[in-house]
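Pasting the structures in now, so scroll down.
In the two complexes below, subunit A is the common chain; its partner is subunit B in one and subunit C in the other.
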Partner chain A sequence: MRLYGTFNGTLVIAGFAILFTLIAPSIFQFFTIITLTQVIGLSILALSLALVWGFGGILCFGQSAFFGIGAYAYSVAAVNIGGSTGSIFIAILAAAVFAAILGYFVFYGKVSDVYLAVITLTVSLILYSLMRRTSGPEYKIGNALLGGFNGTGSAPLNMPGDGSAMLFPMQTFYVSMAILVIAYVFTGWLVTTKFGRVCVSIRENEVRTELLGYDTRLYKLCLFSISAGIAGLGGVLFCVGVTRVTPDVFSLGQSALAIIWVIVGGRMTLIGPILATFVLYFLTSSLGSQQILNANLVLGIILVVFVLLVPNGVVPTIMNWFERRRTKRYERQKERRMKLRKHRAIG
Partner chain B sequence: MARREVVVETRNLSMHFGGVRAVDNVDFELREKELRCLIGPNGAGKSTFFKCLTGQLRPTSGDVVIRDIIMTGRESHEIASLGVGIKTQVPNLFDGLTAVENLWLSSRRWHGDRRANTLVKETIDRLELGEIRSSIVGSLAHGQRQMVELGMVVAAEPWLVLLDEPAAGMTEEETFKTAELVREINKTSALIVVEHDMNFIRAISDIVTLFHQGSIFMEDKMDVISADPNAREIYLGHKT
Partner chain C sequence: MDLLFSLALQILYGIANLALISLGLAIVFGMMRVINLAHGEFLMLGGYTVVVATNNGVNLWFAMLVLAPLVVGLIGLIVERCLIQWLYGRMIDTLLATWGLSLLFIGIITSIFGASTSTVISPPLGTVTIGEYTSSGYELFLIFVVIILLALVYLTLKFTSLGLVARATMQNSDMSACLGISTSKIYMVTFSLGAAVSGLAGGLLVPITGVLPNIGVIYIAKAFITVISGGSAILAGTTSASVLLGGVNGIMSYITGPTFGEVALLFAAIILLRLMPTGITGRFFRKSQ
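Then we have the complex of A and B:
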């Protein structure tokens, strides 16, 4: 039984994603395509949390901190540089470096898992109230005003090397899907490497991993930092999709949403949280257009139902079901063959 | 015969828990390719001594020296990094992973990808783990888990092996198999084995160190120790 697939499985899913990208413009309305860019950003946030929590066993409750840092870093850098390509890398780097510094104190200080969740959440909330207080002309980085409560504008993506050649929404969607596929294949590959396998072993039994001679602190720090970088990349696409970034990216709600996506999709997989993000996002936004049921209430019910009834998440449960059916069928065939053989022996 | 090089040494090693002297001024020496058993009644300090060696506990005073490097108070992974294979008292495995993955993780720490894969294969054949190779180790029986853990030690090819109660909870047949395995490991590496099972010790040991109240009471061949009236009283007196 393998809950998470092989790297070939990752490539197959990536193939489906490319297929989806190609047919999406013909089945969705133009407005939906624009919204999809935001959702792709959010799904990359879910992917990064699946990596650090599902595979590394590090429950980072404030993954949205890195997501928000990525979004802010991109928006600020794009104004100052005047182009999106370099700004994307700056955003990834900013999130990863911030996580590396925070992670150094947390992991080398041997802070236990529960406190790590609390600390990361707190950091996220500190950033939330910090960014809300940055209204006024004195709060600016280079030429970019931080804008306090209202946030700051995020430049659209442009052609590499030409800051004035902005991408159209449809092109932005293609680029975003490409980035999602790359991020997904990268994480899918990462968990099959020695590094990824050691991280999984830390999730399973940290003391044992240490006794084998691995420096678990270093592995956790690297994983934490890589996943933060991916979250930062998600933040970039999100703010490009929304066209601005507000302190809300650091809010408690944002952090909780990411956890819900990962729980519903299945934290031992990488594709589950991505799919859950898409489904739940469109579910809540369609609920938001009517007045009978509160969208947050529905989301809360979904979370409770999943934690109680489908604790592994959707994707692993479906995979297990298929696996069980296959073994059952195999056993039935074996039984039939045995019976036949007995029959022949008697006859 | 020239005396072989000392590979593990403790100098005045003490570990106190409040007023309890779990390990008290222990001077201990292990030479290359030696197989040493640590015995003693419950609470004699064997396991605490073992934990000081593996870096799971930081001794109150004294030093642990491994191959002329002072390793006192170092992290477990630093001690393991010297090429030391450790098996703790409670089966300590990656419960959610397969047996093969458990062995691979151990082997890969020391060897390249290809060598690690061959070593894992060899170990599976040697320990007859073929049937359970793809099973999740959390679902295995106790004896099988012990075997997987020994396999993890073997697959890494360490030069020094520290085993805490490798035969605990095993059937007679499994104990016999383990003893055979320990002797085979001993052909290439030095071993320290903490054990309760007298038959197991008789099957493997050369020199035995008897712990009593945190210090070394005597160090000799098993026959001599079991013939010694004082040693018998320490050991058997507590047991009955």
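Then we have the complex of A and C:
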């Protein structure tokens, strides 16, 4: 399997995404478009996890912690500032800075993979129980009440520089898709830069990379922080789509979902997790509307089955299949050519 | 004086609680290097065993102390044979598979019992009065149970042939296999014992917390952080980490209220891991079990 994708492929997929954006309003109902904004937020979360886990080899089980911090930071900042444009940047920054502080402790402490997974998950869960307890007038940041279990309202997006010009749901959808495409192209570009390749080499063999003279702790910290920033951006779009943010963004289920999307889509690709998010979201929401099968049950089965049987995920498995077919055809042609040449030589 | 004593008792209970919910996880992690993300659900299943049993007229003590560990130990055995044994040495896949299992258990229990419970079991044993403060007798009983449990684990590891074989497998599984020990069987027994201890813990906590399909979440964050801070030695690790983190949690909860107690616990654990990345027993008490 190829260790990293090519940037051209990223651009082609981005082109398809833009095409999808343009035709979506004419094929989907208005309500679906509103839901899509949430799903786009979630798919950015999956993208950020694919970046940090698939390309950096950093097993971050609590990626939804940064997602939630982004959502809360945006909601709180939007109330205090009164506009969404600056708040988005505050949200990205808040998530990235939080990740940088946490990352300092875990990467510079040389905590092992599995410990890191559990620590990040624990951080997310502790934030969950912390935010659930913040119901009361004494828990507020500036003018924004945190609201405990019920969470706090999130302002819709508005035109840059004009806090009163709210975007309509359709415009919000366009903006969200644009942000998704930008985030996707950015991560696709990032993994082809020198920085990205060093991160991939850390994933493949950390000790060797260190011996080659790279400070792996710093690289991991930077990647962790960048991906947290992207997750925070996803959180912003999600809470804008839902119009409020509750402590559930930090819950175990949310962290599990992000992991499932990445596993199902394929952790070595960037587009796989995004597609998996869209497909599985609509699958689980249609499961949620019937009573026979519990959604958790189905997600659990999906996770176990994929770990045991399709550990690479759907997209890499399909890609490998195509690649194998191509090489097989190529080898067959080569064989035929060799045979022909031999024939001629004899003849 | 009474206040101090009452506070000390409260902190002691916090420590015991932490040790109780972590011990099952610590046994599995210490022996097999497997982090069982379905640990919270084992606790939950122990709780449901007690609820179902008492609803059917079984004595509460029998249900808590015998049935809960038995049922969850059996479930652990099935899980080990069907899932975990295929994933040894693949730590990350084990994490993911047990996570899937955790969701599966939550899903199954929600489908059967619904999202809430019907019974509330009130803590038995009444209250104990210390000067002008009262304390729950059941909490004292739990502290006592945890001490007994730790002693039992210690005695098993130190003085029985199973403990000897288990310690050998823990130190060097390849060497033990060469000496004719079936490590696969040891792992199977360990995992179901760990599950049984988790079931016991879950059962014992029912009168205090009640039980819900997703109650595992409340426990696991604390259990994970305790086990990881403790390091690989089962007893010394769990005990030292519970004392340290439970102490921090108790004192901070007393000063600022319960909201920041857990946050302080997490901070303490993260700073601890920065200083000692392999946990307390990675640095101190290395020769302990």
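Following the convention adopted for this analysis, the second predicted complex is superposed on the first by the 333 of 347 C-alpha atoms of A that agree within 3 Å, B and C clash if a C-alpha of one lies under 4 Å from a C-alpha of the other, contacts with A are read in each partner's own complex, and residues count from 1 in each chain.
Rule of thumb we're sticking to: a contact is a pair of C-beta atoms (placed from the backbone, for glycine too) under 8 Å apart; a residue touches a chain by one contact, two chains touch by 3 or more.
Nothing here was measured: the structure is a model prediction, and the numbers come from that model.
Visitor: Both complexes share subunit A, so when I overlay them there, do subunit B and subunit C fit or clash?
Guide: They fit: once the shared chain is superposed, the two partners occupy separate space.
Visitor: Applying the document's definition of touch, where does A:Val198 land relative to subunit B and subunit C: first, second, both, or neither?
Guide: The answer is first: A:Val198 touches subunit B but not subunit C.
Visitor: With both complexes superposed on chain A, which partner does A:Leu303 reach: first (subunit B), second (subunit C), both or neither?
Guide: second
Visitor: In the overlaid three-chain picture, which partner chain does A:Thr216 touch, first (subunit B) or second (subunit C), both, or neither?
Guide: After superposition on chain A, A:Thr216 lies in contact with subunit B alone.
Visitor: Considering only C-alpha centres, what angle arises at subunit A between the directions to subunit B and subunit C, nearest 10 degrees?
Guide: Once the two structures are overlaid, it is 80 degrees.
Visitor: Looking at A:Arg208, would you say it contacts subunit B, subunit C, both, or neither? Reply first, second, both or neither.
Guide: Touch status of A:Arg208: first partner only.
Visitor: Which partner does A:Pro160 contact after superposing on A: first (subunit B), second (subunit C), both, neither?
Guide: neither
Visitor: Looking at the overlay, does A:Val118 come into contact with subunit B only (first), subunit C only (second), both, or neither?
Guide: The second partner, subunit C, only.
Visitor: Residues of subunit A touched by subunit B versus by subunit C: which partner has the larger set?
Guide: Ranking subunit B and subunit C by residues of subunit A touched puts C first.
Visitor: On the A-aligned overlay, A:Gly15 touches which partner chain: subunit B = first, subunit C = second, or both, or neither?
Guide: In the superposition, A:Gly15 touches no partner, neither subunit B nor subunit C.
Visitor: Once both structures are overlaid on their shared chain, how near does any Cα of subunit B get to a Cα of subunit C? Whole angstrom is fine.
Guide: 14
Visitor: Hey, which residues of subunit C end up touching subunit A in the complex?
Guide: Per the stated touch rule, the residues are 35, 83, 86-87, 91-93, 95-97, 99-108, 110-111, 214, 217-218, 220-221, 224-225, 228, 258-260, 262-263, 265-266, 269-271, 273-275, 277-278.
Visitor: Would you mind writing out the residues of subunit A in touch with subunit B in their complex?
Guide: The touching residues are 1, 194, 197-198, 200-201, 203-205, 207-216.
Visitor: Along subunit B, where are the residues that touch subunit A in the complex?
Guide: Touching subunit A: residues 54, 75-77, 80-81, 84, 86, 88, 92-97, 101, 104-106, 108-110, 113, 136, 152, 156 of subunit B.
Visitor: Would you mind writing out the residues of subunit A in touch with subunit C in their complex?
Guide: 59, 61, 102, 105-106, 108-115, 117-119, 121-123, 125-126, 128-130, 133-134, 251-253, 256, 259, 263, 293-304, 307-308, 311
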